[in-house]
Structure formats: structure tokens, C-alpha cells
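Please find one structure pasted underneath; my questions will follow.
Chain naming follows the written order as A, B, C and D, and within any one chain the residues start at number 1.
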Amino acid sequence: MLRVGIVGASGYTGGELARILALHPAVELTVATSRSHAGKRLSQGYPHLAGIVDIVCEDLQGSELADRADLFFTAVPHQTAMAIVPELLQAGKKVIDLSADFRLDDPVVYEAWYQPHTAQEYLAEAVYGLPEINREKIAAARLVANPGCYPTSIILALAPLLKNGLLDPATIIADSKSGTSGAGRSAQVGSLFCEVTDGFRAYKVGEHRHTPEIEQELAKLAGSQLTVSFTPHLLPISRGILSTIYGALTKEVDQQELYELCTAFYRDEKFVRICRPGNFPATQYVRGSNYCDIGSKVDTRTGRVVLVSVIDNLVKGAAGQAVQNMNIVSGFAESLGLDTVPLFP
Amino acid sequence: MLRVGIVGASGYTGGELARILALHPAVELTVATSRSHAGKRLSQGYPHLAGIVDIVCEDLQGSELADRADLFFTAVPHQTAMAIVPELLQAGKKVIDLSADFRLDDPVVYEAWYQPHTAQEYLAEAVYGLPEINREKIAAARLVANPGCYPTSIILALAPLLKNGLLDPATIIADSKSGTSGAGRSAQVGSLFCEVTDGFRAYKVGEHRHTPEIEQELAKLAGSQLTVSFTPHLLPISRGILSTIYGALTKEVDQQELYELCTAFYRDEKFVRICRPGNFPATQYVRGSNYCDIGSKVDTRTGRVVLVSVIDNLVKGAAGQAVQNMNIVSGFAESLGLDTVPLFP
Amino acid sequence: MLRVGIVGASGYTGGELARILALHPAVELTVATSRSHAGKRLSQGYPHLAGIVDIVCEDLQGSELADRADLFFTAVPHQTAMAIVPELLQAGKKVIDLSADFRLDDPVVYEAWYQPHTAQEYLAEAVYGLPEINREKIAAARLVANPGCYPTSIILALAPLLKNGLLDPATIIADSKSGTSGAGRSAQVGSLFCEVTDGFRAYKVGEHRHTPEIEQELAKLAGSQLTVSFTPHLLPISRGILSTIYGALTKEVDQQELYELCTAFYRDEKFVRICRPGNFPATQYVRGSNYCDIGSKVDTRTGRVVLVSVIDNLVKGAAGQAVQNMNIVSGFAESLGLDTVPLFP
Amino acid sequence: MLRVGIVGASGYTGGELARILALHPAVELTVATSRSHAGKRLSQGYPHLAGIVDIVCEDLQGSELADRADLFFTAVPHQTAMAIVPELLQAGKKVIDLSADFRLDDPVVYEAWYQPHTAQEYLAEAVYGLPEINREKIAAARLVANPGCYPTSIILALAPLLKNGLLDPATIIADSKSGTSGAGRSAQVGSLFCEVTDGFRAYKVGEHRHTPEIEQELAKLAGSQLTVSFTPHLLPISRGILSTIYGALTKEVDQQELYELCTAFYRDEKFVRICRPGNFPATQYVRGSNYCDIGSKVDTRTGRVVLVSVIDNLVKGAAGQAVQNMNIVSGFAESLGLDTVPLFP
């Protein structure tokens, strides 16, 4: 049994990691840290885990922490992660970091969108943990930068087209909508039930920190620099991201050809489902699962393609993808512990 | 007191007309038709109206119907409307038609997106009832084609920019999200609570019938033909539309200039509120009201502007705008009966 | 114009008072206090009020506050209210207090459920502001204790039966369900969207502070002391309370008789609607309005009656009833400014 | 591998059976029937199952149906079930019937609440499939009557108290609230998103058909006849039932004693979790799982106990319990395929 630890267990991502790992046949959760819940069973804050994950949260650091597991999920905010990850790596542990701290290759870009980076020496070895694109590199990594939720939904949808040169990279617009769990479990007025329910809004228009991550990875796929218009919105749902993505086609392609191209691109991928022509995905059909469902529409009137992709932001957009990465770096079957069926209705 | 009638009172738009007209000081609801509810009080199907609008629904047509009021709201599906409206006009009545039947100038376009048009002789005189754009023409009309919900949200947001030549008309993309009341009150599996709640989807991608209406009216504002990428989505909320609209800027403009341009454009408009720079609207802030709130972002990185507009699809997107049009054609103060405050939370 | 002030304008109840008063034809909002929003327009925190209620919040106390209006709504937490109300009364102002501080006749009971009471000398003159029961006393009051939301829904439902001796007072059980706005606008994890949506729970079972208020007022109606089992629950909706109330019948009564008894009891009441036999109310049918809708079922199998009542907790359960009380103490028509139609869907 | 069939696969219960069985290691789904979806893959109607359960629905009956599996789940409406089940039994198959047709021992009672019973000869052998109460009988059954969702939540909560004589059987009141999936997937106006969301109502007050089932099973536990006041309500959530249950205590018991009594009663039960004193369950903490969580409050002021229980109505209230019963009658480990963790948030 691989001994694994969750650093930052009391947030929604930490809770989701605990949920998924509870049924994983090859790992044992040996440590869970949380400042706010130190000394309490994790299931006190998360009663759905009662009787299932009753581990007591601790407030640990340094070698005291590192000794307790072989692989760590760091589910803490950016800036906090960069203070913890180096110690774990130096102690010989593997790390799946769910923060943004090791996703951007260029520290200048990182510091333009975030704050000073104090662990730049690890950027070069960190592998961007999108298995469908980077599987081989992940397998060899000791530090995996787990992708952001929005980028996951956008990159997976665009990859087949960009790789095949079908899109003009200068024309990409991603209009994304996320469930409220993406805002985390911290008490703030903007996340209150009454502020969110029966409503809908855009936020951080043109300014969201996932923008450089999206652009960096799409540029690699396109083979050239690009900028993206990215607009996130807040949905009155708990889980789920849907991204509607627009781009100008560089050549004629019909709907069936596009469908076949996407299907072929993801032929061996267990967690990507391509919708048949005329069908589009919905967040509720991937709820609680590691799937990314993708639909497409060739719009001959405008010369654009419209892609629609959905994921569960806490699973494929965070904890599920992190476990998928753990499986890869640990040599387990990639879908081990992730064979759930989406929960609908 | 103006005698008014609602044709098709049992749908959500009909119910909303009844709600608004109940407190209108200058009109009296003298007839409400419904096949499915004929013989029943309207408040049996709509218990919120109990003791307020207890009119009995009837199944009337032709002169029997026309004699009962001076002005009619036709809140029936397209194709049904074109069979009723001519009779009412011939009887000398004024009509605010909430269907799509008289919105498109060109019957060829109508028939390409809908079905054969059997009342083409009325298309020339029908006035597109967007008061902020067409006020004078509406005042003189006997047939007002009340705009679609999506087009209202999109046209009002784009009008200041297109009128001022700030946008490249070939680059417009409208990503719209609507509450479920837009699907009407008919029993269908896709509108069931369990199918919609805690979920989100796109539908009719690149194929929605509001597309030609949007293009027609934007072309008038831009002064040239154009096509638009329009993607509607279904929100798990009852009321509200939010449209996120993208376009390439044709000249440099900063955020403050854009704000002032929009503010100036709508200076005397009671029902349009422009958000201050950095602020964006939310559907819950216009719930139950006739407001259209508009925010904007100049994105210098991409050279695009992003507009975000919200309306209550049943009010400014349907019944409220219809009453606004009635006020104009009847010579009432334009906001009479529409001075409500949005309901939040 | 009556000059009115809102003390504690930034909470949901304060915002709702502002919404209702904005359209009240006989009052002017001359002052709004808030510590957290001092110096900001109320509409910055409540964008739905933009352009409608743009008053700037202030942090005022004592005579500085008292001079600014003729009548005050104190929409602050219990314990805070008892420190403010005496000063306003001493300055000759009328007060509608929306806290619990002046609802209980007996300070011993108050202190058993809350904390020490430091303004006991005002308890005797405070009038429990349930207009349908206490109209005459309210008209003469200078201090009105606006009822709690749960008690309003329960007392109005039971009054006709208790007044007519139809119920055994020892058997009353009130199972109540409230929308989340009842928890206020303070940032706490338990009120986050993700904690509440798609879920349901009971809370403070057998321990909620509205219990002594319910028992006090029911005892007056029954003419004898009584205890009540009261269980509140948290609904994943913003507004609305539904109370399901059980009691053993003391004599045989059939459904039609009970209906007629309730109808007669509330014959002249504008804000109480009795459902016809076989019909039951729903919170969505009173949303945004001052109505209390009541249905009943005589269950001959068990010898019990089941009453179901609904209100909008922010309107009839708080701000609307407060304005109704203001109308009464000010000699206005009782429904002035409250003639809205519920918002459905 | 046990060959299992689902009769009535296109409803929510049928879809949930498919979801659960997909991951069950000891069974194979060999046939799924549906009239409305005959000829279509089940995953066309349920896209969450795409790539997981792509079985094609058929419209089969009689021996053609019986030959296709060894054990059948009949997930069809009452009255339809009684026409199908006998044929399957006669063909030597085992049946878990999820309808109400074989739950009531007395056909007279059945016919008073439903309609004529045409398969009365099977009532005597049918076993009421509540494993925590009837495990031994279920193990020997060939026809298991899977309990109703409401009865499951109520009986499990009351069993420890009634078995120990702690409650006066004449005083039981069950106030239950159900998610909307309980209304099924048929298209009806009352189940539309806009009719249900942001609202709450009681329905079938004192008249719900689960009443005799509740009374029958509680009577067995209490050892005497009894009637129950049972009120169902409709929650704006997809999944989940919460029952709040009241009863007069027959002897003094304190909170800790009650907790220990319940804990002892369910000591070996994997799917029942007893909340610690002061804690109460919430539907979102059992979402998607087979758990029943139970909390309790001894209210010394009123001499009553208040019990609060929650289940997922589609799992422990239907499909999950059916699989639990299948495991028992098939000799599998009782929790096989049901070891999921509830999905929160």
C-alpha cells in the first residue's frame, strides 16, 4: 500500500481527495493536515465521510510531515504551496501539487499574474499534469503540477484541433462557467447561498489567473504564441464546469470529419468522451466522475467552430486528475480508484 | 381605462403579463384566452395570483375576441400568432405580438428559419418593439413585434458600440445563458426539475431561431450586413438571461471612455443601467424588473471588448417590454406599471 | 412625507426594507445606518437597488441618529436593539423593532432563552406587532415588536382554531422549514451555497429561540399555558417559510366547516389567503409579497388537523410586516406600499 | 456472474439501478426493458451512462423476458408490476419488486389505497425487504417487496424506540420531505424546473399511499395497531428524503441513553449511521449512497422525542436497497457494489 498524505484536507479539494482515496485499493491515507481542523476528525467537518474517513487532522510541517507518507497531495492556496513543496521533495517524496505555483514555465509570467515566486528552481522539473497530453513526462516526474479546472476543460477540447492546425490561434475565445465549489470553502459573502442561487454572473472578466496557464499550454499545442479571451462565470450549482469555445477554422471541415478527428485523437483515453454530432454535453452527466465530455459544432455560416466541454471541477478539474496523476507516477493502472459512474440526477 | 386582453394567458409569459397588468393604473384586463384553461380562473393555474387576478380564461377567436378589448397582447407560439393577429388588426385593435412572427423584415429569412409565413402583408408595417432604439416608430404603430429575449439582451449591449463604429461587425460572438422559464410551461422531460437543477448545458448551438433576428437588428445599427455566432445555454434558474458578447475593437478606447459612451447613449433611458468600470451585472439584480444592466471590459491584451448584459427574460425579455410598448402606443408614461424594484435575494 | 430611518441597513432585512420603502408613496428614507457599509451607497452592497435607493450608509447613534427621522426600523440583532431603541423612544420617535428584544412579555423567559435584558422597563408598553391579531393595540403604540418569521407563520395558522377551542393545546407540533435568507448576510461556512444547495437539514431541534415567542402568543389565543414542539429546518431556497402544524381536534369538524371558519376569521384581512379544501400553499406563490397563505386538512383517521402555512420570511416574516405596522401606527392605509403581486415563477 | 435484468429501465429508478449495477463485481446486466426507449441504447436517454452502460432497451414480456436473466428488478409503477412479477416467479426467477404491489400484507388494505389486486396469491410469500429488520426472511425469499422511500426513512428511525417500548404508538407524526426525483421522469407540469425550484410545498396531506405501509411495519415493531399522521413535502433538490418524526415518550430517557440505544440497535449495520448527540443529519451527506443517517432529540419540555433521518431516495429508498436485497437473496456480501462514498458538496 502506498502511503499518501493530504496537505490542506479541510477545503473542498481536500475533502474530495479523501472521498476518492477512501475507495482506492492501492493506497492508504496516513496523514491529513489542516490548521483550522487540527485535532478534529476530518469527518466532523465533512459528515458525509463519517465512518469512512475518520482520520484526525493535524497541523504538521517539515520532516514531521514528510515522514508520514510517500506521496503528498498539496491542496493549499498558491503561495502557500511553494513554501511546502520543496521540503517534501528534498525529503525524497513525490508531490502532486494542486495549486498554481508550479504550472507556469516562466517565473516572469507567474509573477505578473500572481506574486513573487520563491521556489523558481523547481519550475523546470515540474510537469504539467494533464495525462491525456503529457502522460510520459508525468510518469517520470517527482513533482506534478496538477492543472487548473478551467484550463483542463479548455485544453482538452482544443487539443485535437490545434494539433491538426484547424484553428486560427489568434481567434480563440473561451467562455467558461463554473460551479461554486470552485470558490472554495472559505466564509465570504459572495459565496453565500442567497447571493448565488437563482442567479448568474461573470467575474474577473479578462483578468482571471488561469489565463496565462491556458495560453501557455495552447501555445505548445498550436506551435505558436497566442492570446485568449477568457471569461469565467459563476453557476448556481456545486460542481461542474462548462466551457464554450470559439475559433475561426483555417480550412473547411464538416461535422462528421471533426467528430472523427476528435474520436481518433482520444481513442485510447478512458476519461474523455466525444459526443456524437448533434449532441452536446451537460455538467450533470459528469457529476462526481473524472470524465471530460466534449461536443462540437462546425458553423459554416460564420466559419467558426464551437466546442463545448464539461468536467466536474472537483474531480477531473482537481482531485480526480490528481489521483490519475498519482496512479501514473506510481505505476498503477491509470484509472484505479476512478471507475465511478457519474451521479445523475 | 384601456381595455386590454391577453391571448394565451396560461403560459409563463401570459401569467407574467397578468402579474404586471394587475398593478397598472391605466388598464383593465377584460379578457384572457387559453384553450387548456378555458372555464377556469387564471389563478387556479397560477395560485400566486389568487385574489388578485381571478379572471376566468376563455377560448375565444375572431370578432368575439376582438370586441372584448382595445389592445391585445398575443402571447402564443409563432405560427399560431400569424393566424390571430390579422383579425385583431382588421377589427381596428392594436396588437403587441410576443411571438416571432412579425419580427423579421424579410419573409424569405423567416421561412428559412421557421415555416411558411401566411401573413406577410403585415410585415412591412410591424415595428420591432425595442423602445430604446425604435421609440418613435413604436409610438405610431398598430402592430408591435415584441423582441425576443436573447436579442433584447444582445442588441441593447451592442448598440452604443455599433452606432459609434467601435466594433468590427465580422467578429461578434454572443454567448448567452437563459433561465428555464424561457422554455415555457409545457410538460416535457427536458424541462423537468431533475434534468435541469445542479446542471448546465448548451443547446441549439449555431442553430437557434433568434439568430436571424439578432443579425437583422445589429446590421441596422452597424450599417452593414453581418453574421453572429450565437450560442444559447440553459441555466438552472427560473428567470434571467445573461449574454457575454465579444467583438474586436476597430480603434483604441479605454475603459472609462467606453463607460462614458454607454452612459451617454442611454442617458435618458429609465430601464438601462450601465455598471461602473470594474463592475459586472448579475441576473439576480434585475429579477422581476424591466431593467437591462450592462457591464463592459476593454481587453487590451486581445484587442477585444467584452460586454455582459442581463435582463429578466420574462420582463424586459417579454411581458415587461410588451407593457412598455403598450405604454408607448397608448400615450401613457413609458414606465407606468413597471416601477418595480428587483427582488433580491 | 413621513421621514423614516433604517438602523442596520446592510443585512437582508435592511435591504428588504429599503426595497419596499422605495415605492411607498407616503414615506421618505432619510437615514440608513450600517457599521460595515458606512460611507458607501447602500446600492454598492445591493446592486439591485442601483438608481433606486442610492442613499449613503452612515454610522450614527444617539441624538444624531434620532434627529434624522420620525420613525425608525431597527433591523439589528437582538441585544444590539435593546441598546438603541430606548434612546429613540426618549427622543420622541416611534420604533418598529425587528429584533427579538421586545417580543417576550416576561424578562425571565427572555433571559432564559437569550441573555440579560437591559431595557426591561420598555417591555410592558411594547406591542406584539401581528396586525391580524393586535391591530388596535398597534395603532396606539410607539414601540412595536415586529414578530419573528417562524412565529408569524405558525400563529396565523393556528389562531382561528385556538380562538374557537378546536384544538387540544397540549398536542401542538410545528414543523417549520425556512429559506436561507433567514440566516442573514453574515459570512459563515454553514450558509455557503455549496453547503446548502441540493440539501436539507433540521437545526436547533427543540432549542430554537422562537419557541417561547410562539408559546406566549398561542397561549393568549388558547386562553391557557401550553408548550409546543417546534423544529426548524433549512431549505435550499432564498425566501419562504412553510410551517406544517399538527394538533388533536377537541371536537368533530369537517373539512368544509374548517375552511369556512378560517375564511370567516380572516374575512377582512388583505394579507391572509385561505386555500380552498384540497389545496395547499407553496412558498413560491407568496414570494416577494406580504401574503400568508393557509391550507388545512382534517384527518379523521388520526383525529388530528394538519395546517400548512407559507409566508415570505423577508416580507410578512420581517420587512413587509414592519411596513404594515408602520402604516398602522402612522394612520396610513394598512396596505400602502405593500400591494405587490407575488413573483412566480 | 449472476445475470440480472431491469424491467422498466428508463425511469429514474431504472437508471439508478443501471448506475449501481455497472460497478457490481458479481452481476451482469443482461436485459433492460422499456417501452418508450425500446431499440435505443439506455445511454441515449441517460448520457451519464455513455460508454458505461450502453445496453439497448427492449420491449419484452413473458418467457422471452424470463429467459434473459436469473434475477429481475421490476422498476415499474404499481399495478403494472403485479402483471409481470407472477410470470417471472413461475419461470423460476427471483424478483426484487420496487413497486408497491407486494408490500402490504392485507389485500383489503391495498385495495382501499390503490386499486384491485390481481396477484393476491403472492402476497403471503412476499418479504418486506428492509434488510436491517428482515434480513433472515429476505435471504430465503424468491419475491422481495422493496420498501417505499418514505417508509424506509421512517421505519429505520423508529425501530429502536418502538422495539424498546419507548414511544406511545398513538402519538406518532412523520413529517417527511422528498427530493423531486421521487416524482419520476414523466413529463408533467408539476415537476417542471420552474414549478419546483426556489419553492416548497406539502402534497397529498393525510392521503399519501405510503401511509398504510408505514403503519403496517410500525405496528409489527410496536406489537400493536396504530395510525400515523404522515405529511409528504416536495423539496427543490433531486435526491434525498428527510423525515422529522415526533412521538410521546412512555418513560424518561436522556439524550445519551437514547443515543446508546440506537447505536446498539444498529451496531452491525453497515448502512445506518447514528449521529452523536447534538448532531443531526442532512440529505447532502448521504447523496448517492446507501446510508441512512439518524439523529435524535429528547425534548424534556414537551415529553416528546424528535427523530430526524435521511436517505437518498433513489439509493437506500429504491435502487440501492434493491441491490442490497439482491445481495442477500444471492448470498453475496450484503454491501457488495454499494461501497460508495456520499457525494458532497
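Odds and ends about this structure:
Simple rule for what comes next: contacts are C-beta pairs under 8 Å (C-beta built on N, C-alpha and C of every residue); 3 or more make two chains touch, one makes a residue touch a chain.
Here the structure is a predicted model, which means the values were calculated and not measured.
Annotation of chain C and chain D: jointly contacted by A, B, touch as defined at the top. The chain with its C-alpha centre at the largest distance from the centre of chain A is C. In this assembly, the C-alpha centroid of chain B lies 36 Å from the C-alpha centroid of chain C. Computed centre separation for the pair chain A/chain C is 45 angstrom, with centres defined by C-alpha atoms. The set of chain C residues that touch two or more partner chains comprises 12, 181, 194-195, 197-198, 236-239, 281-282, 284-285, 287, 345. Chain A meets chain B in the complex at residues 173, 175, 177, 194-195, 197-203, 205-206, 227-229, 231, 233, 235-240, 242, 244, 246, 280-285, 287, 295, 297, 299, 301-302, 304, 306, 308, 310, 345.
Touching chain C in their complex are the following residues of chain A: 12, 180-181, 185-189, 191-198, 236-238.
On the side of chain C, the complex with chain B involves touching residues 12, 15, 19, 22-23, 46-53, 181, 197-198, 238-239, 273, 275, 279, 281-282, 284-289, 293, 339-345.
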